[in-house]
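Input: one structure, supplied below.
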Amino acid sequence: MSVLEIVAAAAIGLGSLLMLATAFGVAVFPDFYTRLHAAGKGDTLGQALVLAGLLCLGGDLTLVVKLVLIVFFIFIFNPTATHALARAGWVSGIVPWVRGGQDPGAPREPGA
Amino acid sequence: MPVALAAAVVVILLGVLVLLRRVIVGPRLLDRVVAVNVIGTKTIILLALVGYLAGRPGFFLDIALSYALINFVGTIAVLRYYEGRVRRGEPVEEEA
Amino acid sequence: MRSTDSLIVRYIARRSVPFIQLYALYVLGHGEDGPGGGFQGGVIFASSFVLLGLANGWGYGRRAAPARLLDPLLPLGCLIYLGIGLAALLAGGAFLEYGALAGSDDPEVRRHWHHYGLIGIEVGVMVTVSAAMATLFFEMARPARVQARVDRVGEEADRA
Amino acid sequence: MGFVVTWLLLAGLWLGLSGFFDLIHLLFGAVSVTFVTALSHRYLTAGGPLGRGLRRLFGLLAYSPWLLWQVALANYDVLLRVLGIRRVDPQVVRFRPGLASEFGKVTLANSITLTPGTVTVEVAGGEFIVHAIAPEAAADLAEGAMVRRVRRLEGSA
């Protein structure tokens, strides 16, 4: 195995484990919004790592362009979709869960 | 290298399995949508990995790209369904 | 259907339209070595208009793909398909035997024309499929006030 | 001008995707790129002078490595919370980043969603409503490194 292949295997392994962690996040977090946190970002890096690993395996120009394009699309579309879902929950009146189960009240200023 | 790729496929499929539980138990419609959306993004990566395993990466990456686009359009469609119902004051959740 | 209130969704949807459309045409043009072809390309192309309609409102999407443009495109795709098939017939081959279009027996030349003919019918398929998909979406999502106007026009036509 | 720039961008993308450089593929590519540019270039170039758009594009390219690093931190953070090492203590905060343009708001909103412990819930007028998974995530946001970067990006206006 060449150095590049070891790097690729490491990136793919780490990325897929991150994606597994994301899945567990969606499964164990207490409410809709916290699950979105796992969905919105856990996946993004995991995917980027796996695809970067595949990139290290080489190939012709089109493969590189396609992999980069997929990463690019995921980086644009994933947060947009996450926001769209969060917003759908917000406008349909899902109340965010807070520790202790009290009323979360109106949104605060940060640090207040 | 095929071993690493196959291992990654198995790990990701395990994640999909965990997410399927969320799809089934909900409890809200939107929880299911979130889980399905994450499964969708995992599918993109699975397609890429399977493409390398099958020795036809270009072909499978094309499919993955198409899937990424369609997945996004689908999620936006769900958001619109929600917004429309909220705007008309209709209930958005199935009765538990 | 009004536009979504989410600024972000509206913005991203607009900006991604050219990329989706170009990708659709790439899928169309690489049908023999990729997973593509006219049908898949057509669906992806139409999805760009669907996305515009979903995010930026029915009217915005419909202006990008107006009925007076889409309606003639629906039969045009079929006509392209039929035309190429008939042209092959007239050139002395079987229906859709593209190689006959070359008008030569040189297998190399015939192979080239086979390629051109294939792309030609795929373009025909794509035109019809994307026009049909977009039309389906916009007709099904048509807002009530537009529907009322269409009904009124229909009733007036009935009376006339 | 917008037409030319969009055409060049899409043509570059096409050449990278296609990987075929024979006459028929190049011809088909040229027709496709021209068609898409004519049909849709306004979705990329409408809404501002071209020079500003290009400066913003390159600004985004310069911004993305920093963002990528933030995304890596975000993942580490979510991982710790999934494993139960850090507490999940969500709150909802609102703030006004003082961004004028759609571009700035969208960039900031998506950056917030990608980075540690925060998801943009709503952007209404100039106000952002953000769901933070823990108080320290909200405090990071209030500290405002990201807002300053995005404001600079927008300011290449």
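By letter and in written order, the chains are A, B, C and D; residue numbering begins at 1 in each of them.
FYI, contacts are C-beta pairs under 8 Å (C-beta built on N, C-alpha and C of every residue); 3 or more make two chains touch, one makes a residue touch a chain.
The model shown is predicted, which means the values in this text are computed figures rather than measured ones.
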item: A-B compared against A-C, more contacting pairs; value: A-B
item: Inter-chain centre distance, subunit A versus subunit B - centres from mean C-alpha coordinates, in Å; value: 12
item: Distance between chain centroids, defined by C-alpha means - subunit A, subunit C (Å); value: 34
item: Where subunit B and subunit D are represented by their mean Cα positions, the distance between them in whole Å; value: 22
item: Distance from subunit D to subunit A - Cα centre to Cα centre, in angstrom; value: 15
item: Residue list for subunit B, restricted to those that touch at least two other chains; value: 58, 62, 65, 69, 72, 76, 79, 83
item: Touching two or more other chains - residue numbers and ranges from subunit A; value: 22, 24, 36, 46, 62, 66, 69, 76-78, 80, 83-84, 87, 89, 91
item: Shared-contact residues (touching 2 or more other chains) in subunit C; value: 5-6, 8-9, 12, 16, 23, 30
item: In contact (per the touch rule at the top): chain pairs; value: A-B, A-C, A-D, B-C, C-D
item: Residues of subunit A defined as touching subunit C within the complex; value: 76-77, 80, 83-84, 87, 91
item: Subunit C-touching residues of subunit B, taken from the complex the two chains share; value: 58-59, 62-63, 65-66, 69-70, 72-73, 76-77, 79-80, 83-84, 87
item: Footprint of subunit B on subunit A - complex, ascending; value: 1, 5, 8-9, 12-13, 15-17, 19-20, 22-24, 26-27, 32, 35-36, 39, 43, 46-47, 50-51, 54, 57, 59, 62-63, 66-67, 69-70, 73-74, 77-78, 80-81, 84-85, 87-89, 91-94
item: Of all residues in subunit B, those that touch subunit A in their complex; value: 1, 4-5, 7-9, 11-12, 14-16, 18-19, 21-22, 28, 30-31, 33-35, 37-38, 41-42, 44-45, 48-49, 52, 57-58, 61-62, 64-65, 68-69, 71-72, 75-76, 78-79, 82-83, 85-86, 92-93
item: Touching residues on subunit C, where the partner in the complex is subunit D; value: 5-8, 11-12, 14-15, 17-19, 21-23, 25-26, 28-30, 48, 64, 115-116, 119
